[in-house]
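Paired with chain B in one complex and with chain C in the other, chain A is shared by the two complexes that follow.
Right after this comes the complex of A and B.
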């Protein structure tokens, strides 16, 4: 029932706006792998029931940064010809998968927002991040520093940016979006 | 087997018993059959037929605590004493996360985690059937039995090891000669150096601790690493074990791009022994470069090795292909040539795991 009421409170896709965020460092260079997400003011979203994938190939996590909504289950296939042992010490989700090849039977459920830093016990050089956010409105910047956050309903939001190597998280940017709006903005971070 | 190693084994078995059928307890490993054209001497020495089984038992009740036991059995002990069945590694790990980094403390017997080639579980090489001269040596004659601390944060890593044993480290390349073979020494094993002397990773004759330090930088696709090893041995003979005082530096690099891997390591340093009060020093050098490509169901690798004793250089070229179909079997072939000798190996490996 609670989930039904929350769904009623959610903005519909019919009134969706599009948010395009350009993330730059202090020198104006494009920042890839930054997570941008819009948290609505005065509203909550129900946990997602989606599945996402964090692959491992040639001793590299792919993608390096994965953004998911709270409640998402993440699979960790191993596309390498050697074994991996994925772990996280992060408070948002502390876990360790057994040493494995192929795809583990059960995905890992990320039920708490925050940043999860991943590693592999066999290969110290492997690292990646899963950023869990309390909103379905998020994106990860590409090499050109831009991320498109589609289907943002009309209303007031706080735009947040997270990047693996930033010194401190910039203050949230307040936004007011109208229906069918297309808003573009640039955020500068300190790396 | 030294008392410390026996104690560790008992502790690990106790851990395993306590964990019982819990998911925290896991075992994995492989069995392999290998056939070659048979090379009787030199760096490519290899039996015509050989077999191995290796099993790793891991107990990880939490990501912050773990224990690992590595067991090995082989039909060909290459003339070693107690070489057919044994323990290459047995250690416990404790992890901490101070200041956004990771601190790992390891105690027991373990491979130094520096190889850019032996990157699979159980210190197996992912690229070829037999490892480079450098890692063949480290696998056969170096196994710290002590404490290792490693701190890593934001792509930078620093590590240090204090260890017992390994007093004879250096004897194999200096006195027997370099080799390209995957004969991982087990604790307590005595491997022949010549007709009279042996070498053993468990040899602690002079009661001097050895040490090692390492540092690395890791970028998105690249890694650079420096390692120093000093066994601080006194260079004297103790029965049929001769201590070699070895200091060795290793520079390692790795670059990955998509399915391609470029890896290289170079190592050099002196080793000495003392006979009738006279100190004899030998310079050791070795290095390799490998290029490997991962396919959907296979991997192809070419590796060039160089190795020398007192600047007398030798070289080897190795080509390998593994077929990795879905399932447990991995057939592989390797061709190697060095100094006019040629070696061909075919291998069938069966991998298993359970918990």
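Right after this comes the complex of A and C.
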């Protein structure tokens, strides 16, 4: 299925530009938990060595969608007083955390970009996504559908959008950013 | 027989009614049962089809759950998520065997078959039922019936979650006999599945091959997802469905049979209870019919039949008593207690029959009493009855025990006896005569009475009882006529008597048949020779016996009560003739004889006056002749009639004067004008020496002294004529003058006599 994006480009006024993306669905409603990330043209970022947290509270993964840069280690603390068994069959990272309580000793290292669909083997309803992108410039939309991607260096980027239950990835939006720019744009997706 | 048939009828009727009722019940039950059963089967089949659908749906649901559970197995999911095809196929087969799935497919999210347990036949190809995947996508699971290799399967599709759907796993379960057996268990229906498009349409069935005949069938197509046609055939064996009805019918039949037997027995005994006493009553009635009144009916029941039996017994004794009484009355005289005519006749017949076989003589005497009527009239009937009783007693005493004395009726008695010699019969009569000789003293009155007896003897006078009695009767009249106490029957008397009887019976028809004629005999004035009088004499031209004179039939007419009719006929005829002749110039007075009985007819004077005026003849032209004895029967009454006639101007004459016993004094009181000397005195008037002349002379003198005309009858000779003329007799009548002539001849004669000058001139010898 073919999808298209309608992008409204706004001028930016800083050297490290700030990118604000408003994701709307076809009816104009805000789309939460959508990951927006900008991949620079013609160059690659080295893998990050950061950590992130995917908490499990009240039999729910928090957050529902976690975006990380390739090379990020994610910890899976269990804030419930019952055990969870977190797994992923996704090709980006297949792993399994045997039944555990508290925080496992080792975080899971996501060294490959892609989408990892998380589940708990004893709670079929628990579901979350970790979106691994090859850029540090990414954001996740809040309930209002807006995501702020700060300190994006000036240059040409391709703006990608991912959201859960997405069938085909929407075409990336080419984007040129100047320094100290604050660029706000709205992406409309067909959900 | 009739009683038995009553019993049989009641039994038959009961059986018929019950059989009809029960047959109707059975038929109704059967028909209703069949209808209910058919309807029930139809309903069962419809329910069965719904059960089948529900069962398949439930099975689909259950299989979905099973497969879903299977698909959520972590290892399985892991294998599917990360394994290679051979591993996946192995896993599919492994899991299929766990849940007894017949086929398993792993379908990628893009709808292609990744792996299957059918030797990879579908691998890489699009999953044939994308609609099922779409449904599973929406509802998390889907199941449907499809056909693989001509067989029906329930195909289930569920997602493989990781935890988002990463693939679809589809498992097929053949719809096989256990499934159908479930339906059968629930519904008692046989279920078969057919694929009409297959080479062998029958796929699976709960029926064994030999079963399935005679059943009601419902064809129920299953809802398939791939458009293939699978038919469920639901069947209900009719025989099996009928079984409870059969049992019910059998029970009803058994009950009916029992009821029938009970009813037959009850009807039999009830009918016998009614029929038995009826039979006995019928027997008793037959006994009474035969004349056996001695046996009573012994039925002691306090119901209608008992009442009937009681009434029957009372009737039996009543009949017996009355029959005895009737028998006595029929055979005995109630007054004297002697056998009556019937019994006498029977005994006589019996005695004759006996004598015919064994020889011997039977004598019988018939007797009637002389003057009994006078005794009855003067001394009263009670006296007469007592006299009869006494006579009966004397007769019985006189005769032997073995003889029979009977009262035949009135004053008539009969006696029957056996004699060893016919001459002895007279002795019996003499003994009876002697027995009656001594006077009877009854109620202070002494009376003498005699009887006249006629005797007949078997076999010499007759060969049978009836003839013997009849001839005894004839002999008795002979005795009476001869004024003797008894007479033996003279052969030949009977024939005379027969002629009398014949005449008697025919007399009443004589007038109607116009067999009577009038003859006229002139009476001549002896002094002048004038012929102006005639006596009308009736003749009967009998068709068999020829012409009969009045002497022969007038007494019979008097006996039979026909005399009045004859007298009236004679009067009408004679007056008519006389009227005609007088009208034609002949001067004539006609005399008509009256019978003693005519004098009891108070209407006679009126009748005569009527006739005279009708014809136009003066009363003076009619003379009525009557005998002394006629007047003497009831003198006072006769006198009244005679005076009446006299007053009407009719001339009256005493006929046959000299034969009776009338006194002169009596004669004097009679209003008569003429006296006719009886011909017995005149016939022999030939010479002056006879006694008759004295009588004739004295009579003429007497008559003349009393102022009467004297007429002599039976003048048959010139000598008699001469003597009468000498004695001064007024008129003469007889063959010397003329015999009685038929009316036509007489008319000629009288015309000639009156026109011939001086009238009748007697010749020396009669010239006519």
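We take it that the second predicted complex is superposed on the first by the 176 of 191 C-alpha atoms of A that agree within 3 Å, B and C clash if a C-alpha of one lies under 4 Å from a C-alpha of the other, contacts with A are read in each partner's own complex, and residues count from 1 in each chain.
We adopt the following convention: contacts are C-beta pairs under 8 Å (C-beta built on N, C-alpha and C of every residue); 3 or more make two chains touch, one makes a residue touch a chain.
Source: prediction; values computed, not measured.
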item	value
Overlay on chain A: chain C relative to chain B, clash or fit	clash
Chain B versus chain C as contact partner of A:190, first or second or both or neither	neither
First (chain B), second (chain C), both or neither touched by A:142	neither
Which of chain B and chain C A:156 touches, first, second, both or neither	neither
Which superposed partner A:80 touches (first chain B, second chain C, both, neither)	first
Contacts of A:58 with chain B and chain C, given as first, second, both or neither	first
Contacts of A:182 with chain B and chain C, given as first, second, both or neither	neither
Which of chain B and chain C A:94 touches, first, second, both or neither	both
Contact breadth on chain A, by residue count: chain C or chain B	B
Chain A positions touched by chain B in one structure and by chain C in the second	87-89, 94, 119, 121, 124-125, 127, 165
Complex interface listing, chain B residues touching chain A	23, 26, 28, 56, 58, 60, 62-64, 66, 95, 97, 102, 113, 119-121, 124, 126, 150, 152, 154-155, 157, 216, 218, 220-221, 223, 254, 256, 258-261, 294, 299, 322, 324, 330, 351, 353, 355
Parts of chain A lying in touch with chain C, wherever the complex brings them together	87-91, 94, 117-121, 124-127, 165
For the chain C and chain A complex, residues of the former touching the latter	72, 74, 77-78, 81-82, 161-164, 166
Complex contacts: residues of chain A adjacent to chain B	57-60, 64, 80-83, 85, 87-89, 94-96, 98-101, 119, 121-125, 127, 165
